[in-house]
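Down below are the structures I want you to see.
Across the two complexes that follow, chain A remains constant while its partner is chain B and subsequently chain C.
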Partner chain A sequence: MKRFLPLFALALCSVLPVVGLNSYAMHIAILVIMWATIGMAWNLLGGYCGQVSFGHAAYFGVGAYTAGIFYSKLGLSPWWGIPASIAVVLLFSFLLGFVVLRLRGPFFALATLASGEVMRVTAENLDGFTGGSLGIMIQERTWVGKTWYYYIILLIAAVTFFLVRKLMQSKLGYYFLAIREDQDAAESLGINTTLYKTIALCLSGILTGIAGAFYTNYMGYIDPNVVFALHDISIIAIMIVMVGGAATYWGPFVGALIMVLLAEIIRSVPGLGAAHQTLFGILLIVIIIFLPNGIVGDSKKLKRLFGFQRASS
Partner chain B sequence: MYVIRLEVFLQTLISGLLLGGLYGLIGLGMTLIMGVMKIINLAHGELMMVAMYIAYWLFVLFHIDPYLSVFIAAPLLFILGVAIQKYLVNPVLKVESILPENQVILTVGIGMVLANLATIFFTSDYRSTPVSYATNAFYLSDFWKDSPIELSLSVPWAVSFVFAVVITIILWFFLSKTDTGKSIRATAQDLDAAILMGVNVKRMRVVTFGLGSALVGTAGCLLIPIYYLYPSLGGQFTLIAFVITILGGLGSTVGAILGGLILGVFESMTSTYLSMGWAPVGRFVIFVACLMFLPGGVASLLRKKRVGK
Partner chain C sequence: MKMLEVKRLSMFFGGLAAINDVSFAITKGEILGLIGPNGAGKTTLFNVIDGFYTPTRGEVFFKDEKISGLKPHQICALGVARTFQVVKPLQRMTVSDNVVASAFLRAKTKAQAEGIALESIEFTGLADDLDVLSKGLPLGKRKRLEIARALATQPELLLLDESFAGLNPTELNESIEIIRKIKARGITIMIIEHHMRVIMSISDRIVVLSYGEKIAEGTPKEIGNNPLVIDAYLGEAQSA
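For the complex of A and B:
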């Protein structure tokens, strides 16, 4: 039963558009799946490999800008940005990883945080190439309806999910866990920690970059303050994993569902919209103090709290 | 032509050093907290923003000079820091979790809440305190009648710089001469040894967080006569504080000041000769270069020299 759960979920998701949801509900569904993809990518590096990154906006933005520049400079369809972003983000994250992966713990966190900010400033200043603060506008949209966008992001998310799961059941996954638990011990066992951390960073970056390229295609407009945003991209990616559960397969989905719905609810209540960062911040603090392993990771604790599993445990 | 170039260069150097004094004060708070707690406080800039709003409202409502509001804002920030440490950071230190960086993420959350609350209550307008002496300046030609070049020194900048220096000296005396200061340094150097020597480590942590917040609060009050204020200014100063801390060497008081001065001069030079927009990129380059080639910061250079002698 449990083995087929992902396939069930995938089947369920793929019939969703057939039910006839309205355009707004489809938009929410697309956002949830896109954020779940970013969450899974973050989880690969942060949750499994233990390298907490505060700068996933850098990869997201580079992916988004790859698609945008393909359109604005080369005149190609921005869909080419998705395969192209794989190469571009791979190169970018390899170079960045060469620098930041020498650092550990809090230093790594800060270097990544700064890298996201630096990319934002660079994109703002290179206005001949990126369009500066004006951003890039995709003039002609591929589809008016949302169904195809939904299937594309669902495909990306499904591939990401199975890739992450396959990876974590392979030798590589055990290396990642070993690095997370104790990097020195892992190194003394003969694991080339720098190599495997670079692999984790590149994979995580590529998956985030693909989501970014999709974002350009879907939203049709990008600018440095949107795609390289610290609070709206990097921190949200962390929050999704923290809320859902670090180092769990389903955590990013749960987290993305909660965060996107929460953001929409907050936005729709009049007078509350301005306070969304306060509420997110409080949620983050509460989760860290009371559910440090997220909803999925601490599900036993939650069940006990609500009195489900008392008899068995 | 050369005279003008020299003038521009010297003027840039002066404003860089003045800015660096304030940066040093911001970095001091960070370095204290990092040295003792071994965590990075990503809400550092936001705490400064809170202090700046305190100074701003004191000026607007009660016409208290921003320099005097240091004596009100710093104690308030001390209390805020103690509260954050006691009720938020300490509980997290006890929690077992997969990710070790929980406290860092926690401080991000605190920073988000502070910045957003400031936006809600005070709107995101840019504000400044129009003090009467804001545009006063000392000119070189006032002192030396026929000097070939003309340099100026803004009064509020100079006053802020002097304040920063005085506070740094007081802090240095506090850390090296008093019992509490020595306990703080002991906690930073070796936690277990400090416990064995009967230092109340828990209290020292609380005091340190409060002290760090008070220091950055002071920096905020000194900054407001010469800078403008808006709710999201914290993030950029958190990064600055961190770069200074790394540049100076972790937990080193002298290092933080030197790091602040270096960064101040560097930024001033970038904005004169390159463009203001590139300053954050330059900061990042310094940060990474420092971590890779000089991991102990400026403090390690100083130490090496002393040993060499």
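For the complex of A and C:
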């Protein structure tokens, strides 16, 4: 049963548009799946490999701008940005990794935080190339309805899910976990920590970049403060994984569902909208204190708490 | 044949000479004991051989190939494995996964890695704890996990850093037995140990460090009677 859970979930998601959800509900579903993809990407580097990045907006933004610039400068469909972002983000994360992966722990986290901000400021100032603060507007939208966007992001998420799972059951997965637990021990076991951290960063960056390129196509408008945002991209990516459960396969989905719904609920309550970051902060504190492994990671604890399962020990 | 050769090695930390002009060699198949008072530079010497530190002066050769200056993972790939004095289990991984992770160094497939891992887990007597998270292991078993993990990289030279410290007498005897079995497999061993009964009984030769300098080298018997060593380390009572 458990073995078929991913396929079952995928089938369920596939029929979702057929039931005839309204446009708003479809928008929420697309956002949840997009964020789950970003969460899975972050999880690969932060959850499994233990390199906590505060700058995933950098990869998201580079992916988004790849699609945007394909459209604005080359006159091509921004959909080309999805395959192109793989190459562009690979190069970008390789170069960035060369710098930030020399650092460990909090120093790595700070360097990644800075890298996201550097990219934002760069995009703001390269007026001629990126359109500066005005951003890039995609004039011709591919579809008016949401259904095809939904299927495209669902495909991206499904591929990401199976890729991450396959990776984690391979040599690479063991190496990532070993690096997370102790880099010196990993080195002494013959693991080239620099190489494997770079692989984790590049994979994580590419997957995030693909989500970014999708975002450009879907939203039709990007600017530096949206796609390189510290609060709205980098921090949310971390929160999704922390809330859902770091180093779990399903954590990013649970986290994305909760975070997107929460953001929408807060926004719909008059007078509360401005306080959404405060509420996210409180949520994070609660999660860290009571469910340090996230909802999926501490699912046994949760079940006990709500009486679904008798306390066995 | 020389398995390892350390030539005029010095390691300075600022003005402090942790190792000062130390030379010695290990022959294939022997057990070399490394002893000395606390702070003599024993673990630093391991860290230099293993590649965690680049020596200030001097060189280290493994099977006539210069290894000083290489990274730890490169040195491990050549065939030098080590254990840590302060054990470093991969805490949130099971005993089995800990060893599988290191077995991947020589294995081509996952099944092969699991085979190598299981073999070295059984060899070190941890077969009952396969699925235990390594952070839940008692110290004695953690020390053996270090050995299992090092063996899974299929080394030719094994550096053991105080693998016996803090063990009870039963565990101690088990561990001595394990070391003897490792030697029987043809693996050369260099071992740091404070436990005199152990080091005297298993070592073929012993090197003594004090304040970063080599003060003696010889068979256990020679070391036990060396006045310099008695003065610096063993003390009068134990030598009698």
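In the analysis below, the second predicted complex is superposed on the first by the 310 of 313 C-alpha atoms of A that agree within 3 Å, B and C clash if a C-alpha of one lies under 4 Å from a C-alpha of the other, contacts with A are read in each partner's own complex, and residues count from 1 in each chain.
One rule holds for everything that comes next: a residue touches a chain if its C-beta (ideal position, glycine included) is under 8 Å from a C-beta of that chain, and two chains touch if they have at least 3 such contacts.
Note that the coordinates shown come from a computational prediction; the quantities given were computed from them, not determined experimentally.
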| item | value |
| --- | --- |
| First, second, both or neither for A:K171, with chain B first and chain C second | second |
| First, second, both or neither for A:D182, with chain B first and chain C second | second |
| Which of chain B and chain C A:G190 touches, first, second, both or neither | second |
| Partner contacting more residues of chain A (chain B vs chain C) | B |
| Shared contact residues on chain A - chain B and chain C | 180 |
| Chain A-facing residues of chain C, complex | 50, 52, 71-74, 76-77, 81-82, 84, 88-93, 97, 100-102, 104-105, 110, 113, 149, 153 |
| Chain A-facing residues of chain B, complex | 39-40, 42, 88, 91-92, 95-102, 104-106, 108-113, 115-117, 119-120, 235, 239, 242, 246, 275, 277-278, 280-281, 283-284, 287-288, 291-292 |
| Residues on chain A engaged by chain B in the complex (per definition of touch) | 46-47, 50, 52, 54, 99-100, 102-103, 105-107, 109-111, 113-115, 117-118, 121-122, 124-125, 180, 230-231, 235, 238, 242, 246-247, 274-278, 280-282, 284-285, 288-289, 292-293, 297 |
| Parts of chain A lying in touch with chain C, wherever the complex brings them together | 169-171, 174-175, 177-178, 180-182, 184-193 |
